[in-house]
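In what follows, subunit A forms one complex with subunit B and a second complex with subunit C.
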Partner chain A sequence: MIKGEKISSLQLSVLIMGYIFGSSAIMNPSARAKQDAWLAYIIGWIGGLCLLNIYLYISQNNPGKNLIEILKHYFGNYLGGLLGLLYIWYFIHLAALVLRNFGEFFSTNVYTDTPMSFLMLSIMTLIAYLLRKGLEVLGRFSEIFVPITFLQALIVSISLVTLFNLDNFLPVLEFGFQPIIKASFSILTFPFGEVVIFLMIFPYLHKKKTIKKVANYSFLIVGLILLTITLRDLLVLGPDMFARYHFPPGITARMFPLLDLDPLIDNNLLIGGTIKMSVCIFAAVTGITELFNLKDYKVLILPVITISIGLSIWLYEDLFQMHNWADKVYPYYAIPFQIVIPIVLFIIIFFKNRHSNN
Partner chain B sequence: MINKRLTILALLIFVVLILSGCADYKEIDETTLIKGIGIDLTEDEQIKYSLQIIQPSPNVSQGESQNGATSSGAVTISVVGETIDEASRKTISLTGRTPYYGHSELIVINEKVAKKGLQKYLDYLVRKHDIRGTSIMVFVKESANKILNSKHVLQKISAIGIQHSVNGMNQMGYNITTDLFQFMTALESKTIDPVGGIISLTKNLSSDKNLPQEILASFGGVIFKGDKLVDWLTPKETRGYNWVKEPKEVKGPVIIQVPGKDKTQKVSIEVKNSATKIRPVIENNKIKMEIKIKSLGFVIENMTPEIQIEDKKFRKFLNKMFRQTVKNEIEKTIQKSKQNGADIFGFAQVLNRKYPKKYQQVSREWDSILKDLEVDILIDAEIMRSHMLK
Partner chain C sequence: MKIIEKLKNIFENNNKIYNQESLNLEDRDKLLHKIKFKNSMNENIEQIKAVFGESYDLNFRKIKIGQEKKVAVLFYISGLVDSNAINDLLKNLEVDLLQINEHLKKKKVDLEYISDHILDNQDVELLDDFDNAMEKATNGSSILLFEGSSFCMVCETKGLKLRSITEPNSEMSIRGPRDGFIESIVTNSSLLRRRIHSPHLWIKDMKIGSLSRTRVAMAYIKGLASEELIEEIETRLRKIDWDTILESGYIQEFIIDQPKTIFPLVERTERPDKVISNLVEGKIAILTDNTPFVLILPTTYNMLLQAPDDYYEIFPIGSFIRLLRFIAFQMSTILPAFYIAVITYHPELLPVSLFLRIAATREGLPFPILFESLLMESIFEVLREAGLRLPRSIGSAISIVGALVLGEAAINAGLVSPPMVVIVALTAIASFTAPSYALASSARMLRYFFILLAGALGLYGILIGFILSLVHLCSLRSFGQPYMQPYAPLIWSDLKDSIVRHNLWNQVKRPKLFGGRTPDRQPKYQKKTSPEEDTK
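Coming up: the complex of A and B.
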């Protein structure tokens, strides 16, 4: 853990909310379940809550230690180090994925003629500045902006209430449970399971005791906001069109007669995406610092950011690959990082605790 | 020192890059503001694409007249292309400006195009990011270009006028307001067939010299099977559709013929607060539909001076006829829908929503089921008031 960085409970809470909100503001894997999207979403949400509490258990039993230290402690220097390295790769990769989502959204919906790399570069410059100022500044940034995103999401949802068509829910379970389970698994791994990254952030919380309450509450609040977004898109667009568009929220916002609400959606992505990428890169650089026993993490920020920009451009050839990856590959790719390794850790810690209690 | 200078240099370069302007800027005098879109087919099946553009004029603001109709004019241009995108870009050769679709309000589609299968022609309009899904779609027997070029009584920009007329006639139930998004939703859905509004040229009955011989008027609707136009609806049939699908829009009048020697004795009933429910019923493994309509009537015109609405017997008669007339209108439309095999009421959708398993069993032979589908129409309508007169 890096000395000298501290965040308050409120800051942790807004960080978690902004992080989960992030690119889910525009992409919704639950659309695959058509009219049962809401059901898939809720199942994924509950699954995410279980995962979050596993992560919390791990963190609470290792106070003041971040994920890399915990891995080294339980798996030894070599295996633990290797797993840590994998996690660092995952964090950088995640930052690149979010960055690419961000770039694709803006070049599809808003700036159709601007080179995508320029958009990415601009946002990453901001993130580099933000992170050089430290975690606390990121926390304060979120304190100001995350409430704004929620307000915007609610404004869009409420102003579209007249266009809601409740018949879009029917028929429930038309295609059986299988597509719902698949979609809910996608929801579980994106965005909820990605909270695993907060194992790198939890140690910086000022009041350690509040951690469980703060994390669970913020998880529930952001889950509710995302649920309203899912419901809104489904009810306004209808199941067929919901599944047809690349980025449904941008279209939903345009359904409002005589008024363009889609800048609000763009704003949400801008803020949520910034927080998500910042957290990813912060986790990656602190992880590297920890793994190689370096003193200062700030020198690593620019190199890691450069890598993630390069990676994000190199990741996919086109938008279709991105959707294919997000829908079909990512859920499985995320299993070891979000589910397998944390559960193994959980089991080890659980039995060690019982052993020492006896 | 060197470090500081380097930083400043880097910043300066960055500033130059950023302040030199947006890559995506659109100057208003380099774009054409499009209000209406028209799609026709040429004889060799190429696309004849018409755009109604607001004519840029320096003193638009002075030309506002009192009734809110702007007097800034519009011009309609037309080009031929293999795809819609090609045609759209070709308009630059005429205007010298890039088309901007953010303000489009109307899409006019010729019968021939719609009969060929509309989905391929709509793809561009749905895919392009600056076209709003709220543009109204209308179908025409004449060429779309001619319609856009025809004179609307009030609006100088006929696209806006047509949009208002179609929206307005929806109140009477004699036209259907479908926007691009609703149309696409019905197209994408497997359980309902789309419908559309129409606009046509009718003879001008007024002797006002400022009006041309033929003016725009909107009555009727069209029905689709899949993405192909199959039939036209008369105004009354269109209202039959609206009774079921858009009951809140329909305001009447329902006209009732009073029996007697005098054939001109009629009563007009205004309609309020209608609500409709479609319910599938499965009896002995046979599918039946039940349409329930609730409505209130206000007598707005009584052309039988010798009888007052107060008269109990007369009211009873009116109530009966009111229900009967509405029922007849709906039945005719259902008949037409069955004839064409176009499920415009979404009976399949209703069935699928209530009994998904049953629908999955029958979805393959749905066309034949629709042909002799039994539809019960239950109408609960009553005359409530009679406005100022007894």
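Coming up: the complex of A and C.
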């Protein structure tokens, strides 16, 4: 890992929160469960908490090592290196996915005449600048902006209270458990399981002991805020509209009489997206540095960002493909990265620990 | 190098060579270091005349001392010395020597004797370093040369005319002391000493500038300011090798961490109370001779938006004023950009009636709104600069031209829309709330950046600009201290004195990162108790 850069517990916490909040501020996979979305969400959330603790266990048993180093340590140079390479691909791909979400949201909702690639390029330029300044600056930046984002999300939710219609919860479990389980699995892989990327960030934490507390608390807080958003969208839009729209929060914000709260949502997405993409690119770049024993990760920032912009444009034809992918493919695509490899690591570490204790 | 050796040899034989025009400054400097006082007084006078050349303000006063009428010469530069002090000196020399004539017969008269027995109640010093003596002479000391002595006596006769202590024009306050720094470093440090009657206030001086040899001093509270910081600043100051230091701005440019920024990384002030309030937080002040502006370091963004008034008024009022200033300052950077973004891209954000009204005023305007705002902002900047430079007697002319011609006439002629003028005026007024002129200037530059972004991408552009500038601010450091503290990195205890000000009895600790030294500022929570509580 890169020496010298350190982030405080608070900075790690805001990074986790901003990262999870990121694109979930506009997209909600739980919407497939219609009026039971909240139930699906809560199940996914609890599952995410379990995954997070598996990741934390892995990190705590390998203090000061990032994911690539851990993989190399347990699987050997070749297999570990291969898995590391896959993870790097996943991080870059994730950045591209978020970027595409971001571009689609802005070009369908606000800037219908502006080319999407221009919007993407402008945000990526910003991220390149941000990452060149280092992880510390990313941490400090999030410290200022993440609280603002949450405040905005809460303001939007509170100002829409009068439009809440509690009948939208009913009927409970109309379609049985299956859609709920499916939706909760989607929620588990996006956004909660994506926290696996923080295995690349945990080694930079200044006070290693606080890691478990910090990560769990921030996970719970951001989960609560996302729950509010889910409930708000469901209650304001009703199950049908909630499931049908591509970006429910953007529509919800427009429901407010006489005033358009949409820019607040844009703002949230921009900040959350910036943090999420920065973390992805940072993880990819430091991963490459680690894998190939390079000295400085900063030279890699521009190339990796260029790749992710190209990838994000090339990923889908249009918005519908994007949603199809997010609904049907992504949950299965993410399984090896978020669940299988970490659990295998967890089992190996667990038995090694037991062995050494005996 | 051989040439210089030769020159030196020639110089030793004949001082006149020093006057040769072919010698450049560097050679002259080297020669100056090599000159020594000679035994013969006349030769010494020749040497002084040679180094100062054809300067007209040199004075050589011949004095005859004692009954033997031994000749001495007092050399000084007129204008720098106090004539009373010179007269006193001469009187002492002549009268006292006559009175103790008896001694003189027995003992040989020389400079050592004079400094020990005759001028023993005056500030005098014996020096054999010619270069140093000449520097003292240019500082207002007078130099006594004596036949047969290969050294001189430097007498303190400084008497420079100075401006009196007045209220600083650039930093006004309603409540607070009315004194400000002036152009003399000695007076300035006395203004600091007047506020801290303790030997723990250390003021360490040094000379910077190969030609100007300006006196620069670091003031700090020993034991509060962190030792590493003091050392770091001192090494940075000693590294400066520039010929003339005319203002503390020169020093600022040489010692800041990151030159590529538009934000002021060093705070400067004319107010002694502001300097002291920072010193007791563990910061360091740099005083420079010949300028009333004192530098305070390390600087944070938070510091630049604080005014002394905030602390002198009771805390709710202080907090309110500070909050107001904070909002107004942010407004001054993004208000025109926001207007453009809303009108061009997001009219749905405005109430319909307001938007219709604005749209009506924009009917038939020749310029697009982006160009219009750039034009008006630039005109305002020109007006402001002109108002600053022009002689005071025609000051009213510019305000008439600015307000009437550019405001009224431009609207009446249908060149610009009235809301635009309102926005520009609001922005200008808001920008004057920043207590730091340097910060206000950086906001002026940022404004154009935001206007262009808003014109290209609307609110999204403003946000991108906002994030960019914040990332930049977060990456800045002033003498190793994060510029955006206590916001990022967040320091809870320091937030008591940030956007709002908590009451003083609640601020127990000093700011954390500037050394964060104990002791606390006060015993824990000496909370104000009401008389009723006291009697219980």
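Simple rule for what comes next: the second predicted complex is superposed on the first by the 358 of 358 C-alpha atoms of A that agree within 3 Å, B and C clash if a C-alpha of one lies under 4 Å from a C-alpha of the other, contacts with A are read in each partner's own complex, and residues count from 1 in each chain.
Note that a residue touches a chain if its C-beta (ideal position, glycine included) is under 8 Å from a C-beta of that chain, and two chains touch if they have at least 3 such contacts.
Predicted model, so just to flag it, every value in this text is computed and none were measured.
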{"item": "Touching partner for A:M241 - first (subunit B), second (subunit C), both, neither", "value": "first"}
{"item": "Touching partner for A:I339 - first (subunit B), second (subunit C), both, neither", "value": "neither"}
{"item": "Touched partner set for A:D266, first subunit B, second subunit C, both or neither", "value": "second"}
{"item": "Touching partner for A:D167 - first (subunit B), second (subunit C), both, neither", "value": "first"}
{"item": "Larger contact residue set on subunit A - subunit B or subunit C", "value": "C"}
{"item": "Contacts of A:M255 with subunit B and subunit C, given as first, second, both or neither", "value": "first"}
{"item": "Partner chain(s) touched by A:Y111 [first = subunit B, second = subunit C, both, neither]", "value": "both"}
{"item": "Doubly contacted subunit A residues - partners subunit C and subunit B", "value": "110-111, 114"}
{"item": "Residue ranges of subunit B touching subunit A (in the complex, touch as defined)", "value": "22-24, 129, 132-134, 181, 184-185, 188-189, 352-356, 359"}
{"item": "Touching residues (chain side subunit A, partner subunit B) in the complex", "value": "108-115, 118, 167, 170-171, 173-174, 237-238, 240-241, 244, 251, 254-255, 257"}
{"item": "Footprint of subunit A on subunit C - complex, ascending", "value": "345-346, 348-349, 351, 457-461, 463-464, 467-468, 470-472, 474-475, 482, 484, 487-490"}
{"item": "Partner subunit C, residues of subunit A touching it in the complex", "value": "8, 10-11, 106, 110-111, 114, 119, 122-123, 126, 129-130, 133-134, 137, 139-141, 143-145, 258-260, 263, 266-267, 270-271, 274"}
